[in-house]
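Letters are used for the chains, namely A, B, C, D, E and F, taken in the order the chains are written, and counting of residues starts over at 1 for each.
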Amino acid sequence: MATVKLLSDNELSTEARAVFDDIRNTRKSDFVNNFWRALAHDPKTLRRTWESIKEVMAPGALDPKVKEMLYVAVSVAHGCSYCIHSHTAAARAKGMTEAEYHELLAIVGMAAETNRLVTALGVPVDDAFLVDAPAGRGQE
Amino acid sequence: MATVKLLSDNELSTEARAVFDDIRNTRKSDFVNNFWRALAHDPKTLRRTWESIKEVMAPGALDPKVKEMLYVAVSVAHGCSYCIHSHTAAARAKGMTEAEYHELLAIVGMAAETNRLVTALGVPVDDAFLVDAPAGRGQE
Amino acid sequence: MATVKLLSDNELSTEARAVFDDIRNTRKSDFVNNFWRALAHDPKTLRRTWESIKEVMAPGALDPKVKEMLYVAVSVAHGCSYCIHSHTAAARAKGMTEAEYHELLAIVGMAAETNRLVTALGVPVDDAFLVDAPAGRGQE
Amino acid sequence: MATVKLLSDNELSTEARAVFDDIRNTRKSDFVNNFWRALAHDPKTLRRTWESIKEVMAPGALDPKVKEMLYVAVSVAHGCSYCIHSHTAAARAKGMTEAEYHELLAIVGMAAETNRLVTALGVPVDDAFLVDAPAGRGQE
Amino acid sequence: MATVKLLSDNELSTEARAVFDDIRNTRKSDFVNNFWRALAHDPKTLRRTWESIKEVMAPGALDPKVKEMLYVAVSVAHGCSYCIHSHTAAARAKGMTEAEYHELLAIVGMAAETNRLVTALGVPVDDAFLVDAPAGRGQE
Amino acid sequence: MATVKLLSDNELSTEARAVFDDIRNTRKSDFVNNFWRALAHDPKTLRRTWESIKEVMAPGALDPKVKEMLYVAVSVAHGCSYCIHSHTAAARAKGMTEAEYHELLAIVGMAAETNRLVTALGVPVDDAFLVDAPAGRGQE
């Protein structure tokens, strides 16, 4: 499958190679996964996406393991099998235990169920959930 | 909007009232939000959903705050505005800081972007992401 | 909201009016709901959509009530609030009881939950679920 | 693929085995499909999910065949290939004819089309589709 | 996979064969792809779908290449791998350059990201984006 | 609604104000829409998102009008009402005619329909749609 050829190291443009070098340096690993090999056809999007991922997934207020688990949750809801596999592997590599994984799965499933029940019923948002400035359409 | 009338306390069946009592006792709050008031027309689904939520969101391996953040992430990907508002409020009530909220939002957005890039490109899963027993369709 | 003005009867083109007449005749009702008033800006899509709906929702192997319930189920999963409201009303008008509606809701929620669990786990399809000619990519 | 190993019968915990026994007894078949073999790593979610499915899909107001068809419709909209295959097989096993299957497919496709047209146009819900108590955000 | 057998030319009903003939004539190619071979079990839906596609994708105000690119964008957001592959191939066949393809991918990814950020934040629509007749629910 | 207060100009941090200045300069307009006023709570994500949007939507191989139409198509499939309204307005501002808009809508609807039919049927990808190096999972 794939709509483009995955590029091997010796097929990279100079710009793409520079991004691959940064991926390897940042991750301290020689392994560059297929996503980047597909994106490498377009060095501009390759660079922007990598720089963004690096910023978003960098150490911050949230535990890196939790960040990967959030990534998995979104990927499941979007049905991206590749992303589910790669970020589940990343979460495990960053310390997610099987007990934590089971809770993640249970929450994803439960959220899906109540999301659809709420949508089916058209439940109106409670005032209690609104921030103090409930800006209308004409706000600002 | 809403496809059913939201039930006030004095319109509840005996079975629904028992579930509302448990919601109030478990949450140590008199407030029962609109989702349960819509579900209350069907006491069986009301009970099953509440019991499941209670089990899934109970203290466990993951921080309750993280559980709510995962719930928000899934709700965003499913486009459930009510769920986003209620679980963002719950995450804040359980201690999510604004810095953590900003990281949550950034991850949700970033995951959405790479999910769709991967899907568009049809990227095949790397062997490195597979568990050691890559069961085929004929497994077991 | 709405990205176009909803057209009233006296703003319709001749082609659009002809479709409205057929909607009224087919449904034996003077009421034409907002969807058609938005689509009416483009008589070609208005006609094609109405002709398709008429063919698909016509009496057939399935009970008209069941057809509307399937329509609701899909609309919930796609998060179309308008469609949920209009087809829930249609299902009720065609005889859906509240007990049937409750079962519909429970199934939609349950399917959402197991859909996401299956996707998260990447469960491979059992051979037992394949039709007898499991055509590969090179089929035909 | 799959993010966990699918468990064979002799790898089950005591708790998981008890659920498998109930699946076999309830379905009057020795066959346990891959979904449960993936979920079996977490006996608590395995049990809760099975008990919920058993309750939701039990004989009730709706024909069991219709219940499976609703399950298929939701699974298609969520893009869960495994679920589509398993519930299409189940619907056929419970008597869905090919004529009924064709109507199901046509409705799923048509609903998807009008769902997206409505969403694109931002069509406001007609008053006629609202239940008699159109609760606002401040309801209750 | 597939829930039905893909039909080869010599397995077609008379009605399905007539549609295949029109596909071949319209496209000036002997190749009929798998989608139509799966749909061919139901000649009525086969015909309606083909006639609709033919009308929608016919030369019009938009460049045929752009039409295929829009089809790809929607197919990515819906996670339809088959559709992504077939319409990416079609867009290329109709002249989409690799530079255009890269821009398409970047837009699809970026839209996904901002779509989810907006949804997470519940951003209210600016008055400036409303058409001049902001019809309320009671419009018409 | 909204999970955060929308910030007015005099509530902006220095970093956020700098981004707003660039938005105004780039667009040659004083108007800054609500999306940026919600994002402004997190200047880092505000900046990254704005810089990415500016790069992706800049003049390139595709007509700016077509870029906005692709953005609308994705936003519809993701059900983001705000995004639909803002990018439909942008497409019109960049020259999208009503005839082009009607074709956009027709394609979005048609793609949704065939996406779901293909997914429901589990249609395998034709060899003809594969790029010449159909990399397997073990590629590279």
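Convention: contacts are C-beta pairs under 8 Å (C-beta built on N, C-alpha and C of every residue); 3 or more make two chains touch, one makes a residue touch a chain.
Protein names from UniProt, one per chain: A, B, C, D, E, F = Carboxymuconolactone decarboxylase-like domain-containing protein.
All values derive from a computational prediction rather than experimental measurement.
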Listed pair (C-F, D-F or C-E) duplicating the A-C contact set, over half by residue number: D-F
Interface with more contacting C-beta pairs, comparing B-D to A-E: B-D
Inter-centroid spacing, chain F versus chain E (mean Cα positions, whole Å): 18
Centroid spacing, where centroids are CA-atom means, of chain B and chain C in whole angstrom: 26
Euclidean distance of C-alpha centroids - chain B vs chain E, Å: 32
Mean-CA-position distance for chain F and chain A (Å): 18
Junction residues of chain F - those touching two or more other chains: 1-4, 6, 34, 44-45, 48-49, 52, 74, 76-81, 84-85, 88, 102, 105-106, 108-110, 112-117, 119-122, 124-126, 130, 135, 139
Touching residues on chain E, where the partner in the complex is chain A: 79, 81, 84-85, 88, 98, 102, 105-106, 109, 116, 124-127, 130
Partner chain B, residues of chain A touching it in the complex: 1-4, 6, 31, 33-35, 38-39, 45, 49, 52-53, 56-57, 60-62, 66-67, 69-71, 73-83, 85-89, 97, 99-100, 102-104, 106-108, 110-126, 128-130
Residue ranges of chain A touching chain E (in the complex, touch as defined): 1, 3, 41-42, 44-45, 48-49, 74, 78-80, 135-140
Residues of chain B touching chain E in the complex: 72, 76-77, 79, 81, 84-85, 105, 108-110, 112-117, 119-122
Contact set on chain B toward chain D in their complex: 1-6, 8, 34, 37, 44, 48, 52, 55, 125, 130-135, 139-140
